[in-house]
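We call the chains A, B, C and D, going by the order they appear; numbering starts again at 1 in every chain.
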Amino acid sequence: MFKLLKTVIKTGEATKKYPFAPLEVCEDFRGKPELDAEQCLSCGACTRACPANALIMETDVKTGTRRWELSMARCIYCGRCEEVCPTKAITLSQNFELAVTRKEDLYEEAVFSLADCCQCGRPFVARKLLEYVLDTLAQSGVTGEQLKLRRQQLETCPECRRSNNMLDSENISHLRYLEEEL
Amino acid sequence: MKGIKQLVGTAHTQTVPVAQAPNSQQLKDALIKQIRRSAYVYRVDCGGCNGCEIEIFAATTPVFDTERFGIKVVASPRHADILLFTGAVTRAMRAPALRAYEAAPDPKIVVSYGACGCDGGIFHDLYCVWGGTDKIVPVDVYIPGCPPTPAATIYGFAVALGLLDQKLHAKTHQPEVQKASLKHTGIPLDIKVMIERQARLLAGYVQGQRIADEVMDVLATCSADNVDSKIAAYLTKKDDPRLTEIVNILLSQTMEALTGLSGCSNSTGEKVKPREVTADE
Amino acid sequence: MSPLEMPASGWIVLAVAQAMLMLMFAPLASGFSRVLRAKIHSRKGPGILQDYRDIAKLLRRQSVAPSNAGFIFWIMPWVLIVTMLLIGMALPTVTQVSPFPISGDIITDIYLLAIFRFFFALAGIDSNSMFGGLGSSRELTLGILVEPILILTIVVVALAVGTTDLGYISHALATTPWHQPLTIILAGVICAFALFIEMGKLPFDSAEAEQELQEGPVTEYSGASLAMVKLGLGLKQLVVAQLFLAIFIPWGKAASLNADGLFAAFVILFIKLLVVFLIAGIAENTMARFRFMKIHRAIFPAFLVAVLALVFLIFGW
Amino acid sequence: MTNNTVELYSTKPQQGRIGKQYVDGVNHFFPSAIIDEEWQTENQVTITVKMTALVEVMKWLYYDQGGWLAVTFGNDERSLNGHFAVYHSLSMEGEVKSWVTVKVLVDADSQEFVSVTPTIPAAVWGEREVRDMYGLHPVGLPDERRLVLPDDWPEDLHPLRKDAMDYRQRPQPTSETETYQFDNQLGNDSNRIVPVGPLHITSDEPGHFRLFVDGEDIVDADYRMFYVHRGMEKLAETRMGYQEVAQLTDRVCGICGFTHSVGYSNTIENALSVDVPFRAKMIRTVLLEVERLHSHLLNIGLSSHFVGFDSGFMQFFRVREKTMELAELLTGARKTYGMNLIGGVRRDFLKDQRLKGIALVREVRKTFSELVDVLLATPNIESRIAGVGILAKDIARDFSPVGPLIRASGFKRDARIVHGQSLESYGDVPFELQSMENGDVQSRVMVRIGEVFDSLNIVEYGLDHLPAGAILTEGFDYVPNKFALGFTEAPRGENVHWSMTGDNQKLFRWRCRAATYANWPTLRYMLRGNTVADAPLIIGSLDPCYSCTDRVTIVDTKKKRSKTIPYKAIEQYSINRKHSPFKL
C-alpha cells in the first residue's frame, strides 16, 4: 500500500483541464465531416461509399435541384466519404463538440442546381458535375471545336441522345450493299 | 401490441415513442437548475457494441473525471437524474429499456449517446433493431460520435446541464459558384491522376493526399533542370525517411510516365522482402 | 452529578447543539472522504462540499418506493439518524464530562449502535429481495464478530476507571494519571480496530455509495429518504469516530461551560477528527476487500488481544 | 491412436499443402467419407464429408489430431448446389499447424443434420445458432433452446435463409415477456435463484446470469445471451459492399473491433489470394497490439475493482488513457480505428507518428510496471484471486475456449504463435506465448500482465521496423463464390471469420465467431463451487465482451421474470458482489 501512495504522490493529478481549456486532438483526428460546397460536384460518390447511409442525395426534377444531406446523428466518422471524394470537397475536421438538444441541428444539407438538356430542356445532370467534366477535358488537351462538340453531347440528356442516334440518318448509307454488289 | 405500430400487414412493424406529459418541459428546466452541480447518471445499454460504454467509463476515470462536476454514474435508475441511452435499441432490449425509463423518478433528462443511440448508426435498418433511442422514448440531448470521445461526452453533459451552449446548428449550403475549381492545373492530367493514385496506395487517403499536393505544388514551380534540387530541398525540410521514400517512388514513376523509359521502378506490389526503414531518433 | 437526575439546562443546550453540529458536519466528513479518495485515484475529484450538494438535490427529488415496501422501510432513515443523534448528544466531545449523561452510559451507546444495525438489516429484509436475507445474515454475523470486542475493550477501560459513564471515563483518563497504562493502551488499539470496522470502511466494507459501490438497501431508496440514509451513514462515521476519541484521546477539552474553552476544545476536536478520517481514508483506499469467509480470521486475533487486555487489567499492569 | 501413426500412411506433405496429412488421414481411416476436397490457401482446406461419417471424422480430427473447434456455422447454398451446408472449422494444432474445415451438405427438404455436440461439446452454440438462423434441425443436439433470436421472434422465420425476408423487416412481436428457460443441471428447486445482474457501473457491458445457489455456494449457473442480436450477418450480405463491411466489422465489438475487421479483410484476401503489402501487414500487427493493450489494461483494472481495490482500477485506467492516445495518434480515432480496406490499410505511419508512438509506448511500459508492483503488493489481492474460478483442463479441452482463459489453464493456444506465419506480420515480431498452469483467476491476470509487456514490445518493434513499400493493393477482381477463413488473436482470444464472395459485388455469406462466443460455455463450470461473492470476479476474469458474443450481443440488463421490478437485478448484483450489503 505504500507503493501505491508513492505512485500517487509521484503522479499528482492526472485530470485534464477540458472543458475549461481546449483539448488537443491529433492532426488527422476523425471528427465532424466538413463540406466545402464550392468544391462539391454532387457526384454522389460519398453517398455510395457511406457504410451507415448517413449521406443521402436526392434529385428533384421539378425544381431542378439536387439535395445532398449529411446526418451527423447517424455518421460513424469513418472517413470513407473523404477517401472517395474526387474533389476533396468533404474532409473530417478535428471538431468533436457535436452534442445538441434538437435533432434537426444534426443535419447538414447542400442544394445544387441541375443543368437542363439542351434539346428537351429537362434537367438531368448536376451543372457543376458537367462543368467539371468539361474543365477536365479542357485540361487534358481537348480544345476548340472538339470541346464545343463534347459540350453539346454532354448537355444532351440520355433520352435525347438515344433518339438522336435513331434519327441520325446521314451516317447511314442506304446504297452500301448495292455498291458492294457492283 | 403496446408501443408497436404495424406498417404493412402483420409482417412489418415500427415502435411508437413513449408519450410525454404536457408540462414536462417546465419540470425539466426546473430539474436542470437543481442538478447543475450534482447529477446522477444511469446508463441504459440498449445494444451497444460497448465502444460507447467503454468511453463513458473513460470519462469517469482519472484523466477526464466527470465527478469533478458532481456527475456520478449510479447503479439504480431510482437514483437517476439523467438517463444515458446507448445502442441502437435491439428488439430484445426494448422492453427492459422502457422498464428502466419508467423506474426513474420524474422529471428526468434523457441523453441519447453515440451514433447508434442518436439514429441507429450503421445498424439503423436491421431486422432486430428499432433504430435509436428516440424511437422508444423522448430524447432531450443527442451526443453523436462512434463512439463519442470522453471529451465529447463531457461536452455533451455540459450541454445537457445547460452549462455550455451547443455549437452545432442545422446548415444549408447554397453554393453560388456553379463551378468547382481544378487543382494543380500546372501538371498534365494523367500525371496528376497517377501521382494522386500512387500516393494513396503508398501513404493512404489522408497523408497520401497531403503528400501528393505538396509534391505537385513543388513540381508546378519547377523547370526541367531544377526539379531535383527543389525536391531535395523540400525533402530535407521535412526530414522524414518514409516521406523521402514515397516521394522518390512518385518521382521515378512520374519520370517513367513522362519519358516512357522505366526509371528505378520501385513498384508498389513488390513481393521481395523489402529493407526496413528504421525511424532515426 | 449522578447520571440519573436531569442535567442543567446549559448542558442540555450544549448536548443538543453538539448533536446538531454533528448532523451538520456529517456531509463534510463524507465529503472529505470522497476528496481523499479522488486524490488517491489521481483525480481532481469533487469539491469537499459535494455531499451537501447531493443531499440538497436529493431532498428536492421525487421519492419513489418499491411496491412491496413496509413501514420499516419508511422509518429506517429516521431510526438511523435518531439513534446516532442520541449517542451524539451523550458524547463528551468538547467537554470533559458527558453533557447528556442519560444516554451517556457506554452500555446504552453500544445498544444504540446495535439498534442501528438491527433496523438496517430489517429494512434489508423488508425490501424482500432475494439477497435481503443473505445480506442481513452477513451483516449480523459481522455484528456478532465485532460487538464482543467492542464491549470487552470498553468494559476493560470501564473497570480500570471504575465507571461505565462515558463522561467520567473520559474525565478520569484525561485528568488522573493512568494506573494501568498497558491495559488501556492495548484496549485503545483494539477498540480503534473494532470501531474502524463499525465505521464500515474497506477492507471490511465501504460506507459511501461511491460511484462503483451500491449499498443494498440504499438502492431501494430515492429522493428525500435516500438523502436521509446518506446523512445517517455519514453521521454514524462521525459519531463512531468521536466515541473513540472521547474515550481514548480525551485531552484538550473544556473543563467547564465557558465560551473560549469550548471553542478551543472544538478546534482541537476538529483536528483530531481530521487525523482519524485521514487514516481511515488512506486505509480503505489502499487495500482490497476481505473475503467474507475469511473475515473472522482477521477479527479473531483482535478478540484475543482484547482478552489479553482484560488479563492485564486483572494483573493490574 | 497417436500422431505418429499419421506419419505411417501420410504421403509427404506436398508443397503449399500444409496439413495435407490430415486429409490423407481421413481418407485412410474413413475411406470414401470425403466427397470433395478444396484448398483455399496453403494451410486452409475444406473437405466435404458424408453426413454419416461427420461425427467420426470430427472426433478423429478433434481429439486424436489435436484439433480445436474454431467455428460452426450454416450456409444457404441452395442457389449454388441445391443444399444447405453446415461447416465446422477446426484449428489443427497437432504437430502440423493448419486449418481444416469439415463441411456437410444438408438436404433442402428434410433440413436435418447430425449434431456433433454430444461428441464435441464445443459445437453446442454453433449448432443452436444454425437452428435459429436457418431452421435446420440438429439431430441429437441436447440443448434445443433458442440461442440468438429474441424470445419475441416468430418461430418459423429464419433470417439468414436467402428467401426468408428483407433484411429490414421487423416482424410483429409474438410475446410481451421473456420466455427463456434457465436450466439448473446439478441442483434442485430448493436452490435459491440469484440473477447476477448486469448493468454494473464499471463493467463495460451488462450480462445476465442466473446463479443457482445453496446458501453462499453456487451450485450451477446458466446465462441468456444474444440480447443484442442485430443481424449484422444479414446486413453484410444485403446492404453493404465489401469495403463497407470492413467498417461494419469494426463495430462488431467496441473493444476489439479492429481484430474483427482484420479477420474479415483476411477472409477476402485469402479467398481471392490478394497480396497484402508487408507494410500494411506490419501496420495491422501494430494496431492489433495497441488494441490488446487497452483491452488488457481495462480488464486488469476491472479485476482490481471487483475485489474492492478501486484505486487500482482508477490507476490502471490512467495508464490506459495513454494507449487510447496512441490509438488516436495512429488511426485518428480512440476506438473503431476504421483502418482496414480489403488489400491493405487506409493510413500510413509517418515519422511523426512513429516517434511519438514509440515515446508513448515507453512511457506506458514504465508506469505499467510500477502499477503491477502496486497491485501485487496490495493486501488481500492474493487471497481474493488465487484458486478462484478454476477452469479444469478437461473442460477446456472439450469446449475449445480461447485466449488468456485457456492459456491460463496450461494450453499453449495463441493464434499469433500457432498460426503466426499466416497471420499478418506475427512471424517477424519478437514475443513469446504466455501461459500458466493453475487455471484460476490469478493465472488469467498474470497471463494478461505478461501479454501487456509483450504487446508493448511488439508495438515498439513494429513502429521501429516498418517495411518499405505500399500500404494498399488494388485492382484485383472479386471472383464469385470463393471463400476462406480469416483469424486474428483478439485480446480475449482468437476471432474467426469466414466469408464467401457473391456474384453481385456483395458477400454471399459472412460468419464471425468472436472470442467470447467460444469462452461463454465454459463459464458455468468455472462458477460451480465458488461463492456468489466471487461470481463477478470470475465472470470478469473471462474478460467477457458481451458484444463480441456473436458479433453483437448484449445480455439483457434487466432481464428476469416479469414479477421482478426492473432494477432488482442491479441491486442484487451489487449486493452480492459486496460482502455485506447492509454494512455501514
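One rule holds for everything that comes next: contacts are C-beta pairs under 8 Å (C-beta built on N, C-alpha and C of every residue); 3 or more make two chains touch, one makes a residue touch a chain.
Keep in mind the model is a prediction, meaning the values are calculated, not measured.
When C-beta pairs in contact are tallied for every pair of chains, the largest tally goes to B-D.
Note: the chain lying farthest from subunit D is C, by mean C-alpha position. Centre-to-centre separation of subunit C and subunit D, using mean CA positions: 50 Å.
We define each chain's centre as the mean of its Cα atoms; on that basis subunit B and subunit C are separated by 51 Å.
As a whole-number value, the distance joining the C-alpha centres of subunit B and subunit D reads 26 Å. Subunit C has its Cα centroid 69 Å from the Cα centroid of subunit A.
Shared interface positions of subunit A, defined as residues touching 2 or more other chains, are 1, 4, 8, 11, 14-15, 25, 28, 51, 53, 76-79, 83.
The set of subunit C residues touching two or more other chains comprises 40-44, 211, 214, 219-220, 286-287.
Contact with two or more other chains is made by residues 201-202, 239, 247-248, 251, 311-312, 314-315, 318, 321, 332, 336, 346-347, 352, 378-379, 565, 567, 570-571, 574 of subunit D.
If you sketch which chains touch which, every chain touches every other chain without exception. Touching subunit B in their complex are the following residues of subunit D: 149-153, 159, 165-173, 176, 178, 199-202, 204-206, 226-232, 234-235, 239, 247-248, 251-255, 257, 275, 277-279, 298, 314-315, 317-318, 320-321, 324, 332, 334-336, 344-352, 354-355, 358, 463-474, 545-547, 552, 554, 556-559, 565-567, 570-571, 573-574.
Residues 62-65, 68, 115, 118-122, 124-125, 132, 134, 139-146, 148-149, 151-152, 154-156, 158-160, 164, 166-175, 177-183, 185, 188-190, 205-207, 209 of subunit B are the ones touching subunit A in the complex. Per the touch definition, subunit A reaches subunit D in the complex via residues 1, 3-4, 7-8, 11, 14, 25-30, 49, 51, 53, 76-80, 83, 92.
Within the complex formed with subunit C, the residues of subunit B that make contact are 34-35, 37-38, 60-62, 65, 67-68, 70, 72-76, 78-79, 81, 105-106.
Touching subunit A in their complex are the following residues of subunit C: 39-40, 42-44, 282, 286-287.
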